[in-house]
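First up is the structure itself, then whatever we jot down about it.
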Amino acid sequence: MTKHDPAAIQAIHRELHEHLPSDSALRVKALESVLVAKGMLDPEAVDRWVEVYSEEIGPKRGARVVARAWVEPAFRARLLEDAGKAIEDIGFEGWASAHLKAVENTGVIHNIVVCTLCSCYPIAVLGVPPTWYKSAPYRARVVRDPVGVLDEFGVRLPEGVEVRVWDSTAELRYLVVPQRPAGTEGWSLERLARLVTRDAMIGTERDLPLGPGKAR
Amino acid sequence: MTKHDPAAIQAIHRELHEHLPSDSALRVKALESVLVAKGMLDPEAVDRWVEVYSEEIGPKRGARVVARAWVEPAFRARLLEDAGKAIEDIGFEGWASAHLKAVENTGVIHNIVVCTLCSCYPIAVLGVPPTWYKSAPYRARVVRDPVGVLDEFGVRLPEGVEVRVWDSTAELRYLVVPQRPAGTEGWSLERLARLVTRDAMIGTERDLPLGPGKAR
Amino acid sequence: MDGIHDLGGRQGFGLIDVDEPEQPFHHPWEARLLGLVRAMGRPGDWSIDWFRHCRELIDPVDYLTRPYYDQWLQTYAAMMVKSGVATVAEIAAGTGKPSAVPTSPPMKPADVDSAKRAVVRFDRDSRAAAAFKVGDAVRAKGHGASGHTRLPAYVRGRRGDIVAYHGAHVLPDANALGEATAEPLYTVAFAAAELWPEAAGRRDSVRLDLWQSYLDRP
Amino acid sequence: MDGIHDLGGRQGFGLIDVDEPEQPFHHPWEARLLGLVRAMGRPGDWSIDWFRHCRELIDPVDYLTRPYYDQWLQTYAAMMVKSGVATVAEIAAGTGKPSAVPTSPPMKPADVDSAKRAVVRFDRDSRAAAAFKVGDAVRAKGHGASGHTRLPAYVRGRRGDIVAYHGAHVLPDANALGEATAEPLYTVAFAAAELWPEAAGRRDSVRLDLWQSYLDRP
C-alpha cells in the first residue's frame, strides 16, 4: 500500500507540474534524455516504434478485418466468436488485442465504443485513437446522449434503430463491424477494405459511402 | 422552458469565452460600460456597494453576534431558535439573512460550513466569503474528509469530538458559534468580539486564542 | 445537472489556500463586479436559481480556473444575452443602446442603505403536507435531475435522518425554470460511513437541506 | 476514486472536435512519447492499473487541459519518481545517473518486431465461482472505492442485466496496489432509462465490463 500510495503520487504530480517545462515537446526531450542517461532507453527502439504506429498499425488493419468478415462467412463466425484469436489469422495480434471483441451493426442495431474512464481502444487493429476519442466531451456525452453525439458526427439514425454503447471498463476491446454497403456484390476484399473508415469501426459513422470519404 | 434553456446558455458561454477580453478587470469595465450605456446602471450606486462590502458588512458583525450570545443567555436562546430574527435586534439583517441558522460548538461537537454546489455563505453577518471557501479543493474535500481539512487549517480536534459538516444546499445559511475561551470571565462584549475570527464562524478554526491572532 | 459544480466528495483536488489574505477583495475589479451586480437593473425573468444554473453551465475548465467573480460576470453576461437586453458583441465592446426588454430601474446611491438591509424570504405558505417528521429515516433519490437541482450527487441513494423541518421553501429545480413551486424542506443528516467507502467506523456526519421531492422512504 | 477522470454522463462539456485530422499523431513529440513508453526499461512494481491510477491523480485542471500524451509523460514521470529510478530534478533537467532500482532492460530496435505482436492476457485460471449467469439481473454497488476502480459512478446503484461472462480477469482495484487477484468478469447492459433522468422511454443501452465484486443481486 505504501508502495502504491495515491497521496505521494499527488504530491509528485504537483512537483512535476511546478518544475517540468510547460511545453510538451520540451518535456518529452527531457524525459528521453534522462532515460538514456540512466541506461533505461535505446533511442533507436523509439524510432522503430514511431514507424510502427505512424505507418504500420492503423485503421487499415481493422478495415481488412471487417472486409474479410464480409466476404468470408467462416472468418466472420470466428471473429464474432473470439476476435482476439481470429485476427491472429492475419497476423494482427498485439497491444491490447488479447480480449478483442467484434460487435456487429445490423439494420436495427448500432454499436458505438467509448472508454469513459480513460482511453481504452483496440490499438492492434485501429492504431492509436483520435484525440476526440480521449477527450472529455466524447467520454462524458456518448453514454448519456449517443444520438446527440452521432448527430454531431453527421449520422442520423433511421427510426427504430437501437443504440448500444460499449464502455471499455475492463481489458476487453471493442471493434464495431459496420454493415456492408449495398451495391458492393462481387467486390474484392481489397476494394471493400478501402470503404471501411476508422470512425465506422468506432461507431461514430454508420453508412459507408461508396464514393470517396465522408460527406461532412 | 425555452426561456430558461440550458443549451442556449452553454452556446452563449462559448461565445462570451471567445469574444470577451481574458483579463477580468477589462471584462468588468466592459460590462459596467454597457450597462451604463443601456441605462441599466448608476455607477455611483456601485461605489456605495463597494464601500458597504469593503468596510461595513464583514466578520466583525458575526463576531458581535457571537460575543453577545456568550454574554446574554436570552439572546443566545433567540439566536439558536431563529438567528435571522435575532440579528434584527442588532440591525444586521440583509443579504441571505432571512433563513440564518446558528450552530453551536460544544466540547463534543464541532461544526463546519460549506456550500458544495456553489458558494452560499452568511454574507449579512460575515461579509463576502474568502476565495478558498468558494474553491474546488475546499468544496470537494470538507464533506469527505473534514478532519483532514481541519488539519490543513492547523486544527487538531480532541479525541471524541463529533464533526458536523453543514452543506448549504438551500437558502438556509449557517453561522458557527464557537466556544467561549476559558479565562474570559467578566470581559466586555467588545473585548470578547475581538477574539472571534471569521474562520471560527465558518468552522475552520476551533479554539480561539486570547493572544493576537492565529498561530499558523 | 451532473455538472462540474457538483464538487462534494470529488477526489484529486489539491491543497486549500489557507494563507489567503483576510481582506474581503484581492483586486478592485472584484468589489466593482459585486457592486455592479447589486446595483444593476434586471429583467423580470431572472432568479437566484436561474443564475446558479447559468453558472453551472460555464465550460468546466473555465469553472475550475477563472476567478470567482469573473464567473459571476460571465454568468450575468450570459443571462443578459439570453434575456435580450444585450448582445455578446455589445458586452465585448462595452457599448450599446437601451434595449426594448423591460428591466427594473437601476438602483440609486441613496437606496443602497435600505437595500443592504432588505431581506428576501424563500419560505412560502403552502398546503403541501410534510411527508416526513424529525427523526424519520429517509433515502435521497438515486437519480439527479437533467437541469438545475440542489441534490448533490454524493448523497443520492444514501440513507439519512431528518433532523429539522423548515416548512415549505421555493423549489430550486422549478424556480430555475421560472416556475414558482414550494415544497417542504428538511435538514437531513447523513453519517460519513454511509457516504464514503473509506469512512467505516467514523462518527462525523454531513447535514444538507433537502426538499421533499428529493427524498424517499428508506 | 471519485476523480475527474470518471467522466461518463457528466454534463456541461462542449462540442466534440469531429473535424480532427485523420493522422495518428498531430505533433512529432506525441509519437516520440508513445515510442519511448513502449521501449523503456521498467521497475517490476508497475502495472497497467497503477499507471491508470497515477494518471487519475493528475490535478483535475491539468487532466482536462494538458494534451493526452503529455499526461502520459507526467504519469510515467511520477511513477519513476515514486519507484526511485529518477528524481523530479533529474527529469526536469534531462540528466541523471543510473539508479540502484532494478528495471527491465531497455528494448532493442531489433526486438520491436516481435514486441509489437506480443499479446498480454488478463484472464486467469481461478477457482472463484461465477455468482451470476447470462440473463441474470444485477445491481451495481452503490459505493465506489477510495482508490483505483473501474466501476464508473454513472452505473453505481443501477440495475442491469448480465449479457456475457468472460471467466476470471485480473481485478484492477487490487492490481493497482500490486496485488494479483482475479475475479469473474461480466458484460452488464444498463438501459438508458435506468441511468439518466431524461431518458425515460428511450431504447438505447450502455454495456460495461464489470467484475463480480462490483455487483449485487438486484
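All chains are identified by letter, namely A, B, C and D, in their written order; residue positions are counted from 1 within each chain.
What we mean here is this: contacts are C-beta pairs under 8 Å (C-beta built on N, C-alpha and C of every residue); 3 or more make two chains touch, one makes a residue touch a chain.
Bear in mind the structure is a predicted one, so any value in this text is a computation, not a measurement.
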Which of A-D and B-D has more C-beta pairs touching across its chains: A-D
Using mean C-alpha positions as chain centres, tell me how far chain A is from chain D in Å, no decimals. 15
Rounded to the nearest whole Å, what is the centre-to-centre distance of chain A and chain C, using the mean of the C-alpha atoms as each centre? 40
Give, as an integer number of Å, the spacing between the C-alpha centres of chain B and chain A. 49
Residues of chain A engaged with two or more neighbouring chains: 10, 14, 136
Multi-partner residues of chain D (each touching 2 or more other chains): 1, 9-14, 57-60, 64, 196
Pairwise touch network: line, ring, star, complete, or other: other
Using the contact rule from the top, write out all pairs of chains that touch. A-C, A-D, B-C, B-D, C-D
Contacting residues of chain D [partner chain B, same complex]: 12, 14, 60
Seen from chain D, its contact residues with chain C in the complex are 1-4, 9-14, 56-61, 63-65, 142-146, 153, 156-158, 196-198
Quick one: in the complex, what on chain B touches chain D? 10, 14, 136
Could you list, by residue number, the parts of chain A that touch chain D in their complex? 1, 3-6, 8-10, 12-17, 19-21, 24-25, 27-35, 37-42, 44-50, 52-54, 56-58, 84, 91, 93-99, 114, 116-119, 127-128, 130-132, 134-141, 143-144, 146-147, 149, 152-154, 162-172, 198, 204, 216
Would you tell me which residues of chain C are touching chain B in their complex? 1, 5-11, 13-20, 22, 24-29, 31-36, 38-41, 45, 48, 50, 52-55, 57-59, 62, 64, 66-70, 73-74, 76-79, 81-82, 85-86, 88-99, 103, 106-109, 111-113, 116-123, 147, 150-152, 154, 166, 169-170, 172, 176-178, 185, 187, 189, 192, 195-196, 199, 203-211
